[in-house]
């Protein structure tokens, strides 16, 4: 068998790692990897999905008699693992300003408790999303098909969980949860986005929704829609300003067809309809219908 | 360790589930979850892919001597599991108008028998798709590379299986099979779409093909192409009409470049070429070439 | 239980396979499947990712004390398996012009040795990509978040490994590695593309970068950007010409916003900015800013 | 690669199977394998062990708060699977005298219901066995060590479950459960044996306890002890008689040291002590001490 | 986290390994581990068991229609893996007298071919063993129970496979197969032992049968029986002589009760009965009954 | 589907658990299960075996070039997990007399450090055991066969690891390691037993070696040998006395044939030979040969 001089490469790789760590001003902490784990969050989300929708996303042999046992057991395991991940994120966040372990523990426990308490409300919101999809798509045969098959619903399950984590001060866990849905569905919703009940994304591939976007109730969005930022303002120091509201506000009952791009802190008024592939950087009045047709006489798209 | 009041949340979640079930007018059936399973369909499709292409998608240590044993064994297991899933869908469909168990059994068995009989024809169609990809992409080095690597080919394997299920009265199983490919490839083909031999999708991310689309032979399509509906007609009762032919007809030998959007029951005539990012809502004559160039003098795109 | 006439279908499937093999002029080699395996490459890339970033993408319980042991062991296993896959590709490539086994062995070993030697350099390039993402996205909280969560970074890890394999004469392995990232991220980068340090793709879904594209340093690209070919030139024999430089050259410090389409062997000059959804088929001067605004008065998009 | 004429061997194996089936007068039922599964019983026993001793044999991360959820969920899954296995055994038993499916269903359900109801009593008996081991072995450090480590305790968990199944008319399931322990521990207890509370087997390898053995309370037994039959009586037809009481009766507080062999329907009286390697085929009086010493002046063994 | 000076221990362990390799006069072959694998043989035996008894030891969902496909596919995979293991043993055996690779390949292929051809005969022998157990144990309810549950039958499946391998010049593979059964059942049969049809071992724990033992047809043996060597003859050089017939010959229809020890090349004549715990080092006449009773007036044991 | 009143049984099981916990005077600690895990020790021993014998018990594709990387990585993972288990045992041991967490941490770390340092010495001892088996069994073909196949060697690997843990104050972990071997081999060696180099157990089923046994160098033992206690002395309080030397001392070069029983603190002098099935409760002089022959004129057994 061939030799590959593995020993030499191991040394070279170590040397590159050390360069990087020096450059990043890392203390050579003697400890191990203390960083949240994507695999752990896969398990956690899987468990939470089962606990939220036991008879549809739980085990195939579940029976009504034992539904609550399943929910309780699955929830408990998911929350324990979430607590561990929350600790890791808080500990990581405190790397430049160390906190006492007890403080981290208290914060992590508090976050998971509040997250737990939010779950029944999340389930109710998700029910509204499922209904919205069922009512909005003539091809949908049942609410169960929607829950099991629609990528837009999967993306919203992840988003509503991720948004909760984001609000509880766990933005990294939130981001991982969001990216898991992004990888599965091609729908990229930042965990910071605020989205009202009965939201429906059809097809979904290529949808991007930014961090400060605000979306009302009964909004419908098709594939490849972007709710993005127009530009990144810089402060007097030339640095990008963070946290500014820079993504659109979408009011209730708006429909946005495929490929439309809405940029900046503009408002799409209640009940407006945005046509496919349209490019918008200014407010749209309530009830208005903006289509390429206004520019190019193309009909309203509804893919 | 911390307590999370899991018992309380379990009760609250049950209460939300009951609200939903009341709202959905569900009988509290004492039984279990009787609904098709995504995981089961993952296994079924995996088995069918191996049975269709044993030396390329079957086990790596397969030898010609035993090819048929592998095919027969794998097929049998996949068909058995498919039969079980077909039962579940038919049983679910009959939830509002119960059928005798024997009737469901007969329908399920008949559907799986006819599905089985269709497999050799499907393999022949898929061979034509593989050849089309090989001939249509200058970068393709061999038909085997195409079969193993091209997302468009994976999407077509799923679609041709899903379309068969759709025609056999199993639209939910069909949908799950289609969504498995969608998640993997970003290509979203409704199982109802009728697609002729030698179809090639290159790159593929963002392609959407609607339920009533009809596509001829030797058609080529690039990423982000939409074959969608222009609008949803409503009946006199204000409800969306279902089942109307509302997506494009694409005749033989048409090429559609990336990002083009074709909406409504329009016909792209034999041999037409549709340029990138073009927006079309009217018929295109056979042999015609429609590009942005006609509007904007941009050259023909061929990404 | 029902019978499905499996035996009959097995015979019919064999008959279709034989048609195909005759048509492909395959010798009925008595041997087995000798073709690279997607599953093997999943394991190989997983191992290489761990060896390159042990404390972030390696096992969660890794400690600094044993970092090198993990790296060496993981690397060794990945390289052994890569050697096996390289043999299979070289053997497959030689199917029309058989090579002595020793020659294949020598080529495979040499390729894996050179691949190994390139790894430290790849890690350094990837560090530059991570930094570019961190600096280019105001939402990024740490370089670790970027490495763990950003699909664009995942795509670049795959690409830089795949490009190395492509250059070492293993284009099929390279293609599989690239498609694994494509399936995960919706980002489709051909392994042949040459990409400089500090490259950042944000969001990423729908990005397509062609085989002969050349990209400089510090380039930033958003979702749904295409760097494609304008047309496929044909030779005097009517066949597509292969290997011609047919994709764009993107110089240092260029930014390309979402949905922009750049086609053909054009050059985007150093520091140019390309607006969202813009369609470009001609050179852009260094420092220039091309936006829809020049045509349609839309502001610069920055989703 | 070599060919092994697999096809030919497959035919030859079929021919041997058909010989066997003819000889066994099997109808060639068109159905499948309808026979209990060892793997299923492994999972069932694993689940029951967790449900009986959640904090010791359940998952390592279980917390008191969620103990009941775990117990309920695990129990439910185990009972469902047990119900399926019970159906298979009853169906198999009825192969010579077919029963209506509903009758089998009723019997299976009834058996599992009664099995379930017996579990709390079993747990109490097993607690007495654990205590007996802890008190009987000077090396035992805690009841928890006993429960986790002692093969004799594992054998009794299996036995008490198996004996229940045996009494409920499921002797084949009972046998499989018993053999699972036999394979693990070398302790072979027939599911028919009736064993009182506080039973302790130390070391255990080679212990054999027959079907009609009756054992009182607070009995202690060491490795390689046999409680067997002396001979098999035959009836007037020359056939072995079944179901006769043919194994020993062991009264309360008896101790039997390693290697002792007790054969036939003899009674070891309350409080008797049987020395190592002793061979006994007659009754032993209460309180008596039988050792090799009575024959050979060897001291009492206590390995 | 604590450091354990792993690097130092790794060096120390290497140094001990080098001592050992020097002492064993090992060339420091640059290659890898080329030695059969226990895990591989677990898979091989599992496959062979399924191929021999498809409806009982194969997959639970197997149906008659597809039995042969399962048998063929499973057999093929098992034989391929066996071929690989045979190569490893032959290569290892040739470590002191290297053979050309082609010679090893030819021997390995030939051995596996002959092994394959022997399988139908093995199945017939095993059927006789199953019948013998069913007829010999009054507690046995069906031949299927015997096949599924009896450790003695499991041991014989392994033994008959192992004996075939032993005769084909693969004693190491044979030994591993035998030890797998030993670990499961406590029955230790050397692969060299020659055992006739209709052999039945009851209970089995502690049975030891030596390499040169010869056992006739319709023999029955109980737990803890030893068929061993009396002493190891040494040659004029003081070394143990190998390969001499040193274990008992047991003629047809003999029964040996639990714990009996038979040592040396003695013959138990046709139809003899050997009582429990008896110690025998001389021939026993056909039809004779040897029991402790002849010494101690104890009755015939039949545990 | 049937209901099994799972809720009711859950309550009944809880009630039995509470009885037990009351009886055991357990505080209802709000925490979780803090007790060593058998599964964890399976992984730990698996890792240690690989680290001790990398080219034989490590991964099948290991190469010399990377042996140390494998050893280091595997060792590190095993030691980390062992540290966790050590913490659990020490924490459990302190349940009646709580220790500060830092004290437990220090003890656990110290124990694992010392365990680690002992590994090279253990490997050397195990090499001597392997050689002893190879030299003592005429059937052994190579030291590698011995290491891979002999249950006695497996038992000694476990014992030497377990004895080290026992001496380091982790008797529960030691016990679990010992029982894992017991279940696999039927050989039951208490971790407290002190055993010299070059120890060989042949066949092994049924061997029992007690806690205070002391065994010299070059000792050989066959199946079903017991080195046990004669009786358990009780103190003036009527309680069993613990820790007294109560098992045999076996000096160098002793051979003990199958089934021999040695009881009490007797000494078998250097070079003594103990015949099969012999029962010994008094000292045996150096060089003496004790067989049944002295009583019954039976020859020396050597099974």
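First chain written, first letter: the chains are A, B, C, D, E and F, and each begins at residue 1.
Rule of thumb we're sticking to: a residue touches a chain if its C-beta (ideal position, glycine included) is under 8 Å from a C-beta of that chain, and two chains touch if they have at least 3 such contacts.
For reference, the UniProt names are A, B, C, D, E, F = serine O-acetyltransferase.
Being a predicted model, the structure only gives us computed values, none of them experimental.
With every chain reduced to the mean of its CA atoms, the largest distance from subunit E (serine O-acetyltransferase) is reached by A. Both copies, subunit B (serine O-acetyltransferase) and subunit C (serine O-acetyltransferase), contribute mostly unmatched positions to the interface they share, with under half of the numbers common to the two. With chains reduced to the mean position of their C-alpha atoms, the one farthest from subunit C (serine O-acetyltransferase) is D.
Averaged Cα coordinates give subunit D (serine O-acetyltransferase) a centre that lies 26 Å from the centre of subunit E (serine O-acetyltransferase).
Measuring from the averaged C-alpha position of subunit C (serine O-acetyltransferase) to that of subunit F (serine O-acetyltransferase) gives a distance of 53 Å. For the pair subunit B (serine O-acetyltransferase) and subunit F (serine O-acetyltransferase), the distance between mean C-alpha positions equals 58 Å. Taken residue by residue, subunit D (serine O-acetyltransferase) touches two or more other chains at 1, 3-4, 6-7, 10, 30-32, 59, 61, 63, 65-66, 68-69, 71-72, 75-76, 186, 205-206, 224, whereas all remaining positions touch fewer. Subunit D (serine O-acetyltransferase) contributes residues 59, 61, 63, 65-66, 68-77, 80 to its touches with subunit A (serine O-acetyltransferase) in the complex. Of all the residues in subunit E (serine O-acetyltransferase), the ones that touch subunit F (serine O-acetyltransferase) in their complex are 2, 4-7, 9-10, 12-17, 19-20, 24, 28-33, 35-40, 92, 171-172, 175-176, 179, 182-183, 186, 188, 190, 205-206, 208, 210-211, 224, 226, 228-232, 240-242, 261, 263-264, 279, 281.
Listing the residues of subunit E (serine O-acetyltransferase) that touch subunit D (serine O-acetyltransferase) in their complex gives 51-52, 54-56, 58-65, 67-68, 71-72, 75-76, 79, 83, 109, 112-113, 116-117, 119-120, 123-124, 127, 138-139, 141-145, 148-151, 184-186, 203, 205-206, 223-224, 258-259, 276-277, 292, 296, 298-303. Of all residues in subunit E (serine O-acetyltransferase), those touching subunit C (serine O-acetyltransferase) in their complex are 1, 3-4, 6-7, 10, 63, 65-66, 69.
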